[in-house]
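Each of the two complexes below includes chain A, the first together with chain B, the second together with chain C.
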Partner chain A sequence: MQIHVENLTKRYGKTIAVNDFSATFEEGKLIALLGPSGCGKSTMLYMLAGIAPVTSGKILFDGTDVTYLPPEKRNVGLVFQNYALYPHMSVLANICFPLEIAKVTKKERLERAGELAKLVHIEDLMDRKPNQLSGGQQQRVAIARALAKRPSFLLLDEPLSNLDARLRLEMREEIRRIQKDTGVTTIFVTHDQEEAMSISDSVILMKDGVLQQYASPQELYDEPINSFAADFLGNPPINKISGTIDKGKFIPEGTELAIDVLKADQSEGTHVTLALRAESLMVNHKSPKSFPALVDNLFVMGKEEIVALRIGDTLLRGYIDASHKIKIGDEVPVSLRSRGVFLFDSHSGVRLQ
Partner chain B sequence: MKQFPIKKIVVYLLLSLGAITMVFPYVWMILSSFKTPAEVATTPPTWWPSSFAFTNFVYAFHTAPFGQYFINSLIVTSCVVLLTLTTTILAAFAFSRLKFPGRDILFTGLLALMMVPFEMMIITNYATISKLHLINTIPGLIIPFTSSIFYTYVLRNFFLSIPDSLYWSARIDGASNWQYLWKVMVPIAKPSIITITLLNAILSWNSFLWPLLIANTNSARTLPIGLYAFITEGGVRYERLMAAATIVVIPMIILFLLARKHIISGVAKGGLKG
Partner chain C sequence: MTKSPLKSLGEALLYLSPFLLGVIIFSLYPVANVFLISFKEGYRMATGAFQQYGLGNYTRVLADKDFILALKNTGLYVLFVVPISTALAILFAALLNQKIRFTGLFQTAYFLPMVTSGTAVGLAWKWMYNYDYGIFNYLLSLIGVSPINFLNDVRYGLLSLIIFGIWSMLPFTIILLLAGMQNIDPLYYTAAKVDGAKTTKTFFRITVPLLAPTIGLVLIINMINAFKVCSELFPLFNGKPGVAYSLYTVVFYIYDEFFLNRQLATAGAAAVILFFIVFVLTMVQLFIQRKWKHY
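Showing the complex of A and B:
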């Protein structure tokens, strides 16, 4: 099912949890809602599920307005961050609960529960109570329960944040697989960019309740729309140098350098931020446009090394092949690739280039 | 760690002492109910009856309609417990889960009412019941005791401790408020509910002051009032009195023995003090 939201806004008193949010969630996709803690991701899910009343705006499911429909009439599946399994019921009873409420016959209920158990790999746990399950197992049960009544779409609130690191990797693949197997439109919330980037078809980046960018993971990484998006994605974090534009060149703050990176005219004297992905720096590489930088530190990482470079007061991180011969304190030329080099207005964060 | 057994012995000794003190009167009562008048009056008192005679019980049942009292007590207690439980569960749900204007003020008001001692309400309750022409009837014994602010408060607090996400999960799973209450909340609160039920049953079974005012005829008397009438009308004959008291107490002892596991776990889990 396709979900469309229009100018969706949610206020809690003076806090605006979600602000004028418009987007379309395409059928059959796995979509990540990404953003720092408190940016309104959960609130967004709760509005889609019908748990949090909408302050203003519209929610359409396949073109039908459901903005004021109660949760039980929306046919959605929701997995809470704490899983919210019914503690007094066995795993089987938990999975069957939505079907029991829907007055599905016992035979069909058991059949469906069997299918789901197989899908999420919990066949051996059906008689256990939730408190006899590990976090990952509870997660699987919660997903199975959410899928039991064949929801039009599935919402997952921080599905991986309560799991330990290894399980998180495993469950991340599992969620992708389950989504592929069922084909159900899925929206999952996360504050971890790597999680969002690794399994989703598209990512919605949010900040302070406002949608920043809605794109595929690759596009989000390659073409961030503003400095927040560039900052939020990527590991190591993107390098940033503040400076000004002078005679068509970028002048890093507190230096005499003039870096030739501008592809088009920019207004002279603007305060700008040059953002460079670590892999966009070609360290110790001379070219007509290269500029000098001081080697501040070297970190051995195996085949490649990470090198910390100093330009004025700013430290940049780049990669260098382990066969290099540079030492701490050397001055090396640095060239830039064309990918992963962005220019932002320092005040508004708007992308200039 | 070496002194641990000594500590344990001391604790057990103290506990045993407490238990004996508590149980002694009951054992004395039951044993005395089998004794002859002469044996009850001997000094020094004997512990074990020389022969187990049921004459006292037979006498008790003959002179007073203890069977009728027993049935009355059973009806009153069952109705009080069931009705209180129903109103308590519904009120606790409303005050914890439903949102309506003035909810918290209303609840605070109810809590404030708990300050009013029961004795003060007796007069107004009496006036109400007599206007309804329910003096000397079973409903007159039941109606004033069909709700409890205290139990509502206890259960509301328990309901509040159940996370919101469980409620919303149930709603998304298609459940109505009503279904959520009975299929999720009540089963989760089972230990608290059982404890409330038992405490209320004991309270109702033993209640004395109200029935004393309302029930002046055999057809409406409950066991404690019957026992009281038995003393005043029949004079003090300890062995007969003990037999009658045994009849009154036995059902509660049986109930407690049957449910003691639940009572203890309920008190431990629900933090409810009886």
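Showing the complex of A and C:
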């Protein structure tokens, strides 16, 4: 099913949890709702599920207005952040509960539960109580319960945040697989950019209740719409240098350097932020546009070697070839690739280039 | 700095000593004494003299038809009052737990009996049960039932006592259950809502099972209290165990045996029998509840 929301707003007293949110969630896609904690992601899901009443705006499922429909009439599956499995019911009873409410016959219920157990790989756990399950197993049960009624779409609220690092990787593949197998339109909330980038078809980036950017993971990374988006995505975090524009060049704060990065004319004297992805720095690489930087530190992170460079008071991180011959304290030339280099207005965060 | 366990135990006992002393003097010693005296045959209260240790007091009590009547009345009282009042309390607690208007008003209404003197309440009930002017007979007359002599007819005495008993047990039970309900994570209700469950379904499938530990506790407390039924009789029946002594309860029997008949040893035997019954039933309940326990 396709979901369309229009100018959706939710207020809690003075707090605006979701602010004038409009978007379309395409059928059969896995969409990540990404943003820092408190930016209104859960509220958004709860409004879609019908648990949180909408303050203003519209929700349409396949063109039908469901804004004021109660949750049981919307046919959504919701997986809560801490799963909310009924502690007094077995795994089987938990999965069957929504079907029992829907007055499905016992035989069909058991059949459906069997199918779901197979889908999420919990066949051996059906008689256990939730407190006898690990976090990952509870997660699987919660997904099975949410899918029991063959919902038109599946909502997952931070499904991986309660799991340890290893399990998180495993479960995110699982969620992807389950979504592919069932083809159900899925919206999944996360504050972890890597999670969002790795499994979703598209990502909605939110901040303070406002939609910032809705794009594919790659596009979000390559073409951030503002400095918040550039900041939020990527690991290591994007490098940022504050400065001003003078005679068509970028002048980093507190330096005499003039870096030639502008692709188009920018108004002189504006305070801007140059944002550089680590992989966009070519360290110890001389070119007509290269600029000097001081090697501040060198360290090995996993299989890569990372160099910390100093320009004025700003530290930048870049990757460097393992066969390098530079030492801490050297001055090295740095060139920039054309990808992963952005210019933002320091004040508004709007992207200039 | 860590203290030796023995030393810290000593210190703890020192702090607890005023309380422990009170418990020993006013609780443990009398209980042990009652137990001992119940086995002393031919015991004389004035001198403390007795013939020998034996089961004589027990055989005497068990042969007393008043005691058998008391056992029967008490048993029936417990059998009706405990389940009915607990069930009603669950219902009221669930209603009180809703976010409705005037919650404060309702809560006051339900808890009022707890802060009112039992005798005053009893007298009010006596008035409500009144043959000529009571509200019950008035209500019955509205549906065309002829008046019932609630308090002075042997056939209705126990019923009147049971209704009053159910009512007096409610407030305390409701408080405990309400506390239990407020401990249930509201998330489960949200989940049930998403699963499509309506109020009744949610109540029976979510609230009641999650409340089971509290319900178990309440059942045991109420059962123990119901077995001790006695003071409820005083205001209703002018200090007598019902009309024509038909409503003896075990505690009333013990009371009469002691204060009226001055038979400390048989009163003690009756008390030990009551203790034994309550003890066994409590154990049975705990055992059943352990089987229920699901998480």
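Everything below uses one rule, namely that the second predicted complex is superposed on the first by the 349 of 353 C-alpha atoms of A that agree within 3 Å, B and C clash if a C-alpha of one lies under 4 Å from a C-alpha of the other, contacts with A are read in each partner's own complex, and residues count from 1 in each chain.
Here, contacts are C-beta pairs under 8 Å (C-beta built on N, C-alpha and C of every residue); 3 or more make two chains touch, one makes a residue touch a chain.
These numbers were taken from a predicted model, which means no experiment stands behind them.
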item	value
Fit or clash between chain C and chain B when superposed on chain A	clash
Partner chain in contact with A:Val210 - chain B first, chain C second, else both or neither	neither
Partner chain(s) touched by A:Glu72 [first = chain B, second = chain C, both, neither]	both
Which of chain B and chain C A:Leu110 touches, first, second, both or neither	neither
Touching partner for A:Asn82 - first (chain B), second (chain C), both, neither	both
First (chain B), second (chain C), both or neither touched by A:Ile101	both
Partner chain(s) touched by A:Val261 [first = chain B, second = chain C, both, neither]	neither
Partner chain(s) touched by A:Lys129 [first = chain B, second = chain C, both, neither]	second
Doubly contacted residues of chain A, that is, touched by chain B and again by chain C	49, 51, 71-72, 76-78, 80, 82, 84, 86-88, 97-98, 101-102, 145, 149
Complex interface listing, chain C residues touching chain A	185, 187-188, 190-197, 201, 205-206, 209-210, 212, 294-295
Sites on chain A touched by chain C in the complex	49, 51, 71-72, 76-78, 80, 82, 84, 86-89, 97-98, 101-102, 129-131, 145, 149
Of all residues in chain B, those that touch chain A in their complex	163, 165-166, 168-176, 179, 183-184, 187-188, 190
Touching residues on chain A, where the partner in the complex is chain B	46, 49-51, 70-72, 74, 76-78, 80-82, 84, 86-88, 97-98, 101-102, 145-146, 149
